[in-house]
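Pasting a structure here, questions to come.
Order as written gives the chain letters A, B and C; numbering starts at 1 within each chain.
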């Protein structure tokens, strides 16, 4: 089933950048520092596909998700929703909210403790034009869609009466109430119990496969990204350092950071996997020039400390921002766009 | 992997301790901790909720015991109550906890101390010197207005009164080196350090008085994978050098399988399976354990759909009748809904499981995935090497 | 609401009883009053008797009737002022805290100015410019008092809102496209209920003080009876000096009682609204039943042995110490 389908991206971002200016603690005047939270990120979210962004805390992955939801404004770069370019300074509209929705990490924190579940579901429905006498039925339908059955049992509960997994389903249902085309999920399982995580992942996968939503899955857990994603993107210190279609990135990581990340994952099936240990455990300051990973990189070369590496093509649909691959062709645009192969057979067996 | 722990203990424990018990050396000196039929409740009377139900376990010297479980499984309550650190409304409602502490110099002699009946003064002497605890959030555990060095000085000043100021400083520097930190960190405030560095400092503080038992409650959950890996490696190295026993609590079973010698899996306040780490992974016996193992997406091989465990962890206040896992269990039988299975040894091995599938009843067919055999465990091999 | 339960603390119950009593007095006081409080039909300066429970004034008015009738004006003005001040401080505080930036700068400046100006002198100034007929109007007086009493609440609410502003549920509301005003008043404000309630109680308390003060110095209409005007007349006729205690002590006690009642109710607000706060420990009764020490110290989990009669195992019981 390796037919090539031309799927235009539902939501694309080009060269999206966000810098924060912070004051250096301890110094009162003049000492300002620019934190490059996200630098020159470009990606496409396609209907029926899950794009995973993997990174540690501070990698900029959550800022990226919030820029895509347009609740944080980018410093520069543009968003393209259904082919329409949205300029950087434009205000977020209700229409945008109805197309792109974000699910937050902590389900306990993201539902208002003083309101019943009903409120969480009926508000988005009312805001986005549902008739008042329909909302109850629509809210029930939304709960059924996320497998909270029977919905009547949940509508009049308070958030603290539900478990974390149930509450995260409510959060997803709330996002679905506005009938979005793009669903952004910021670490949706990291606060949940291990035994209910797969349920949420499968729910996201189902929304993507059956209802053709474009899903962005933000995570620090590369194993879950491998499980879920059609495209995996690894971020480090605000930059996309490696990306691949399918699981190539996990199976054959090329960037030293991705390699370190994968070696660090506890893997009982492979008892020999033990990441090499570095000696000085200070936090690595991100250098102003050169490759951002250079201070931690075991393969660091002179060029890495002076020049930011471009993106090289290391395989089909697989790119890496690392000087080690300087013999490979440079990737002109980050990924081949907008055509892409739908790899049906590798995602499901 | 494990150096002779008793010898290390004997040489490095140069400080005298105030507790001097006349009780005879116990025959169980191989165990550093013995917990028998331990129960912990929250509240009393009608509103009482049993959070830890009849837990029995033993921990050998220098071994790592992993406690795995989800939220509400009672894993944290167990260790807090064991050390009498659990806050009200927690109440210990039965059982005892014996800590066999070594007297200095003479490693063969141990003094059993029942933590359940110990007085506040005795607990104060035992804590930190013999048992120390590392909590999940190092940021909350460190005083934000004190420089890190002060924390070390305070601990050493309280428990090692004979040390001079410069000796205390020397020991602090030594401790930081142990966990791979530069000595200039002593002059920092907690907020100036990264999460990983703070957790290393907590570990260094826990090891400051050379305890025999260290308890860690989700010490790496708040950290990034790479930092977690560094800390786990560090811990393994420290353990092989200093030979303390470790209780490591986490929800991350795959991490435990790598780290622990033995693992107990808790569900709804009770231990439902106990086994050597690799045995547990290769041949789980309890359906919950199997479900947990299958809840971690693999890093290798074909992608296939995993199902996890249906439903959510039970509310301790409304536990179902019979086996508390039965409502979520794909193998549940009629019996499981009425009678709670006891934790029983299975076969000739040293492992136990609380499940009606494994009571030897010939009318019950055990599913293949719950009756796999395991290769000789890694932990077992390590122990053998130690004895030679 | 499920989370609302009857309070158990005796402090709160006493407070509620006191406040409840005065609220009933507000409603039915004027009907209960045996005589017209302004009527000068009686002999002056009578001591308390069966006919005149609290005696009469130097003009021959019944003091008990004045006290009952005066309760209504005092309480109504105080409640009105408390309500108005709370609405004002809620609007300003939540808006400043949620919007931030220039709105915050401006609104904070205004509330700081009002905080810095001493309330009662400002009241006196405003009040003395009022036309005399509006001095008897409850609403006008209430609003003026609320003007000087809202700023403190606004500061507290602003700080609380700022800590709520970055909470995930507020962000979630923004993500679904909720409007700012709605977020402020349906998402943020309900979470501030304990603070709002507490701020309301204190502004009511303040308003009673302010209203009584204004009346006492003669700046409200003497045609309206309240506890302050009673004190004003008592003072003007040298009642304290001539030992006519029944003239000025009863209104004083009423003022003190209402104040005490409000303060006691305030103790219970957190407990009342947030039952989770209560679950923090065993109740005193539970501890007594268990024979546990009155104060359970940190780092010493109580031990309870499963015998029929629960009691704590004495320390040292099994330890052989030297």
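Note that a contact is a pair of C-beta atoms (placed from the backbone, for glycine too) under 8 Å apart; a residue touches a chain by one contact, two chains touch by 3 or more.
Everything quoted here is computed from the prediction, not taken from an experiment.
The greatest centre-to-centre distance from subunit A, using averaged C-alpha positions, is reached by C. The interface carrying the most C-beta pairs in contact is the one between chains A-B.
With centres defined as mean CA coordinates, subunit B is found 34 Å away from subunit A. For the pair subunit B and subunit C, the distance between C-alpha centroids works out to 51 Å. Averaged C-alpha coordinates give centres for subunit A and subunit C that are 50 Å from one another.
Those residues of subunit A that touch subunit C in the complex are listed here as 69, 71, 94, 97-98, 101-102, 104-106, 109-115, 123-124, 127-128, 158, 171, 174-175, 177-178. Interface of subunit B with subunit C (complex): residues 20-23, 39, 41, 43-45, 80-81, 84-94, 113-114, 116-120, 122-123, 127. Contact residues of subunit B toward subunit A in the complex are 70-71, 180-182, 193-197, 200, 224-226, 228-230, 232-234, 251-255, 257-258, 278, 281, 291-293, 295-300, 302-310, 312-313, 328, 378. Those residues of subunit A lying in contact with subunit B across their complex are 56-57, 163-166, 193-199, 201-202, 220-224, 226-227, 247, 250-251, 260-271, 274-275, 277-283, 346-349. The part of subunit C that touches subunit B in the complex is made up of residues 279-282, 286, 289-290, 296-306, 310, 313, 315-322.
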